[in-house]
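The following blocks contain the structures, represented as structure tokens.
Below, chain A partners chain B and then partners chain C, in two separate complexes.
Let's turn to the complex of A and B:
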């Protein structure tokens, strides 16, 4: 466990110094700060527009950071040969993968926390009448963090066998499909009027590609009238789903990396 | 004496484009004894780094066996007892030398800051231990690399080009450190192109070319069969003629001074006795061992290195002629 923590700690140290990530983070924070510029609507709509826009920015920026952060993690270690010094020590490959992954999500958590704090500070100033909602809205970024942890695991899995640029498109594509089209594939897989092959293929995609879309709980957050039924159970189920997919992705990553010649 | 490293028929095959197989390492039989400094030589692309990676358990052999300290190279128990300094190492530049040592120590489960400081002191980095590695010179990076390779007090150390690109002072410091390792009873496996260093510090060497061992043994045996240089003054013309008639060695004679290069296969004492009985003054008798460089060139002479050397010599000669 100490080995995993040591590798994770070093990974965080490296990640928070990567200029490209800091630039992406800065752009995200900048958008969050100028978000109140959209205040041209009524007070009720203002709340919804600001929250929706800010959560969208946090989601998009976090997804870009998660991908850029993770796709280079293992290839860089191989290219710079730091991996040889590590793997020649009593470090198992699975410990290396887990250390890298936990380091990545720790760095991601820090960056997402910074964006959330920036958003809540802006929200506190420009929405004084809705300050009591901040605690509720915070559930949005928290669920995005779970979503990004899953995305990072997927990108980590791909990074064990494809080059970083290919991985960017692959992970980005999986995220896009899992965010926007998961429901479409579910509908196709359940449509009895379609040929079996189409239904089967849609069913495979629906099962294999993680359903990233379900972690976006913006709607109930920006519409105070609506609420999630059995909220605690809902969040536990989502977390369980994420943990299951993350575990599977990391196990495959370890198996692939264990056989890989570095 | 027990073996620290042993390989039998070790082979590593890669698939090239077009499906053709290439043996990067081919039927390699290697024996490294415990407590010795072993030089692993070969031209670029000969298979040295691939062999080291197999011995570290980073890549796997396609055929044959390898054992390190009596166990499988991938065994974590082996990794606790060995260390590795890669060629042109890169370290996490955001860390200071001390932080890097603490990080690598933690990978061994060692939480001993005093040990890290002691090792940094040993490689003369005490004053720079709190500076970021990004500010370290190449020599300092190499020294911090050596310091980290000592964290677990290893029985066996793998060094890949440990003196490559270092300035003369850093070069000597690293070389002296390696000699200290032997005094401490550690086994050192060095891959290097610095033949003069290898000749100076190694007990045994192996030369690998195109994935195969072409020479392996102790330097004393491999470099035996040299010559002796004899210089004599007050040599008469008739004595010089007598010696020339004996033959079997090369000599130059001018104005009473004779310089002879006598191979070990010829009875050197007989020639020296002849000189002395002819009233010549023998001023020096210098045994000349074969150089490792010569052995290396002979061993890989069909390779590009030999061709490169020939080309270099021609250029060098051309330069000298121009200077004249």
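Let's turn to the complex of A and C:
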């Protein structure tokens, strides 16, 4: 366990020092600061527009950070040959993978926390009548963190066998499909005119590709009168789904990395 | 510690199956339940992939706002056709935009008009469907229930039971505005629920008095005074029109304003003066100003047509492009000096009036429940004081005595084709009792005291006006 923690700590340090991540983070925070300017888009729904936009920025920025952070993690170690110094010590490959992963999500958590704090500070200033909502809105970034942990696991899995640039598109594509497909699948499954083969293929994709979309709980956070039935249970179920999928991704990553010559 | 591959694979397969089942059976369906749906499909139907992307990627409220700003600029430019798709898109992207739903309903119901400002009523079922969708998606607030009720009460101006239904639903919402609660009483009245009107006015007045006692501010005073006035008027009318007597069963014994029923002596003639140009004239024996006879010209086989109306809430989905091969013309014939005479030119709006069907019905309809109070004082709430030897109808609107007459006309007649072409034969359809008026031209001037009677270009050959009080004119001398 100490080995995993040591690798995770080192990974966090590396992530914080990477300028590209800091630039992405800075852009995200800047968007959050200017978000109140968009409130004018809707005369009566300032709260909804601001919150929706801010949560969207947090989600998008976090996804970019998660992908950029993880796709280079293992290939860089191999390319710089630093992996030899690690693996020559009493460190198993699975410990290396897990350490890297936990380090990545710890770094991600810090960056997302920073963005959330920036958003809540802005919200506190421009929405004084809705300050009591901040606790409720915080559920949004929390679920995004679970979503990004899943994305990081998927990107880490791909990073064990593809090049970083390819991985970037691959992980981005999976994230896109996993985000969009929830609604598309419903449309397909309810369309009686489509052949069974198409519906079957949609069902396979729906089952195989991680369902990232369901971690976006902005709708009930933004809109009055909408609430998640059995919210705590739903969050637990989502977390369980993420943990199961992360487990699958990391096990495959470990198996692939274990067989790989470095 | 070296991991063994077989248990790892077994664990991965188990976790994968668990995740798949959890997603398919539990979290996925549960997640979709949070999202409101458009009528007739789900929230993502008809969105292009890029719209879908921004929608689900977390920026839907922002995109909806941007689109609505764009729609506003189309309103200013008068580009009404471009607005509907944006309204639909915005309500898909953000089904919480109350203003967009309300504006969309109004736009569909009121703004698509012909050259003479008659609304294209083929849009109304879609406007109602939009209101239904909006109220379902925003059932926490009274607003869209109120707006949908208003569509029935004001635009459709019939089928008041629907207005009552929607406004009763609006009344159950916590945020229902005090000033708007009043109007449910009016809907009850027009729907023939007079005792419900009385009860609601009394309850609202009691609440208003309590509010005024609690806080002596102008708005509370104004609300109390308005309700007091409305309540008094309503009770007075029920007394004078004999409604309380009807409930007691001694209506026959008293002298009430609605007795004896007044014969309106309705007759009508429709002349097709040119292709798609009608001259509609007739008689309505009511002297006071304020009568407006509804005229509907429609396909004989118009889908879901009812006497003088259609099933307005027939649409189960919002259709931005209602069927363009059916014809529905609706107009109000304003009565002056006991006559109406109106030229209706339908030739300039071929898309609104396609005239594809072979046979048409012209309906004339008057419902005392829609009448202004000074006429209703004689006709009564339910038409007790109105009759007509030929066209009184007590069946098409149960509980109400209405006027209803129909004429049939063919496509050839309307388009002046075949035997009706080139002035060979002028198509005329009329009620059996129609008698062409003599000296019709002079009667086109409204014979009531008013500014018009002081104008110098009055016709000289004015017939005698024995029953009209002397006209008040402005003093001509400058000394007083």
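Everything that follows uses one rule, which is that the second predicted complex is superposed on the first by the 240 of 262 C-alpha atoms of A that agree within 3 Å, B and C clash if a C-alpha of one lies under 4 Å from a C-alpha of the other, contacts with A are read in each partner's own complex, and residues count from 1 in each chain.
The rule is simple: contacts are C-beta pairs under 8 Å (C-beta built on N, C-alpha and C of every residue); 3 or more make two chains touch, one makes a residue touch a chain.
Not measured: the values here are computed from a predicted model.
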Exercise for the section: Quick one: on chain A, after the overlay, do chain B and chain C clash, or do they fit? Just give me the call. Expected result: fit
Exercise for the section: Kindly classify A:194 by the partners it touches after superposition: chain B alone (first), chain C alone (second), both, or neither? Expected result: neither
Problem - chain B versus chain C as contact partner of A:3, first or second or both or neither - result: first
Exercise for the section: Check the residue A:114 against both partner chains and state whether it touches chain B (first), chain C (second), both, or neither. Expected result: neither
Practice task
May I ask you to decide whether A:53 touches chain B, chain C, both, or neither, giving the answer as first, second, both or neither?
Solution key: second
Exercise for the section: Return first, second, both or neither, reflecting whether A:92 touches chain B, chain C, both chains, or no partner chain. Expected result: both
Problem - Degrees between the directions from chain A toward chain B and toward chain C, using C-alpha centres, nearest 10 - result: 160
Practice task
Once the structures are superposed on A, label A:234 by its partner contacts, choosing first (chain B), second (chain C), both or neither.
Solution key: second
Practice task
Considering only touches as defined above, state whether A:17 meets chain B (first), chain C (second), both or neither.
Solution key: first
Exercise for the section: Pick one for A:162: touches chain B only (first), chain C only (second), both, or neither. Expected result: neither
Practice task
Determine, under the contact definition given at the top, whether A:180 touches first (chain B), second (chain C), both, or neither.
Solution key: second
Problem - chain A residues touched by each partner, larger count belonging to chain B or chain C - result: C
Exercise for the section: Considering only C-alpha atoms, give the closest distance between chain B and chain C in the superposition, rounded to the nearest Å. Expected result: 7
Handout entry: On chain A, the residue positions that both chain B and chain C contact, one per complex
Key = 92
Practice task
Name, in rising order, each residue of chain C that touches chain A in their complex.
Solution key: 1-3, 5, 8-9, 11-12, 15-16, 18-20, 22-24, 26-28, 30-36, 41-45, 49, 52-53, 56-62, 64-66, 68-69, 94, 96-99, 138-141
Fill in the blank from the handout: Given the complex, residues on chain A that touch chain B span 2-3, 6-7, 9-10, 13-14, 17, 80-82, 84-92, 261-262
Fill in the blank from the handout: chain C partner, complex, touching residues on chain A are 38, 41-45, 48-49, 51-53, 55-56, 59-60, 92, 94, 176, 179-180, 182-187, 190, 203, 206-208, 210-211, 213-214, 216-220, 222-226, 228-229, 234, 237-238, 240-241, 244-245, 247-248, 251-252, 254-255, 258
Handout entry: Interface residues, chain B side, partner chain A - complex
Key = 53, 56-60, 76-77, 79-80, 82-84, 86-92, 94-95, 103-104, 106-109, 145, 148, 152, 158
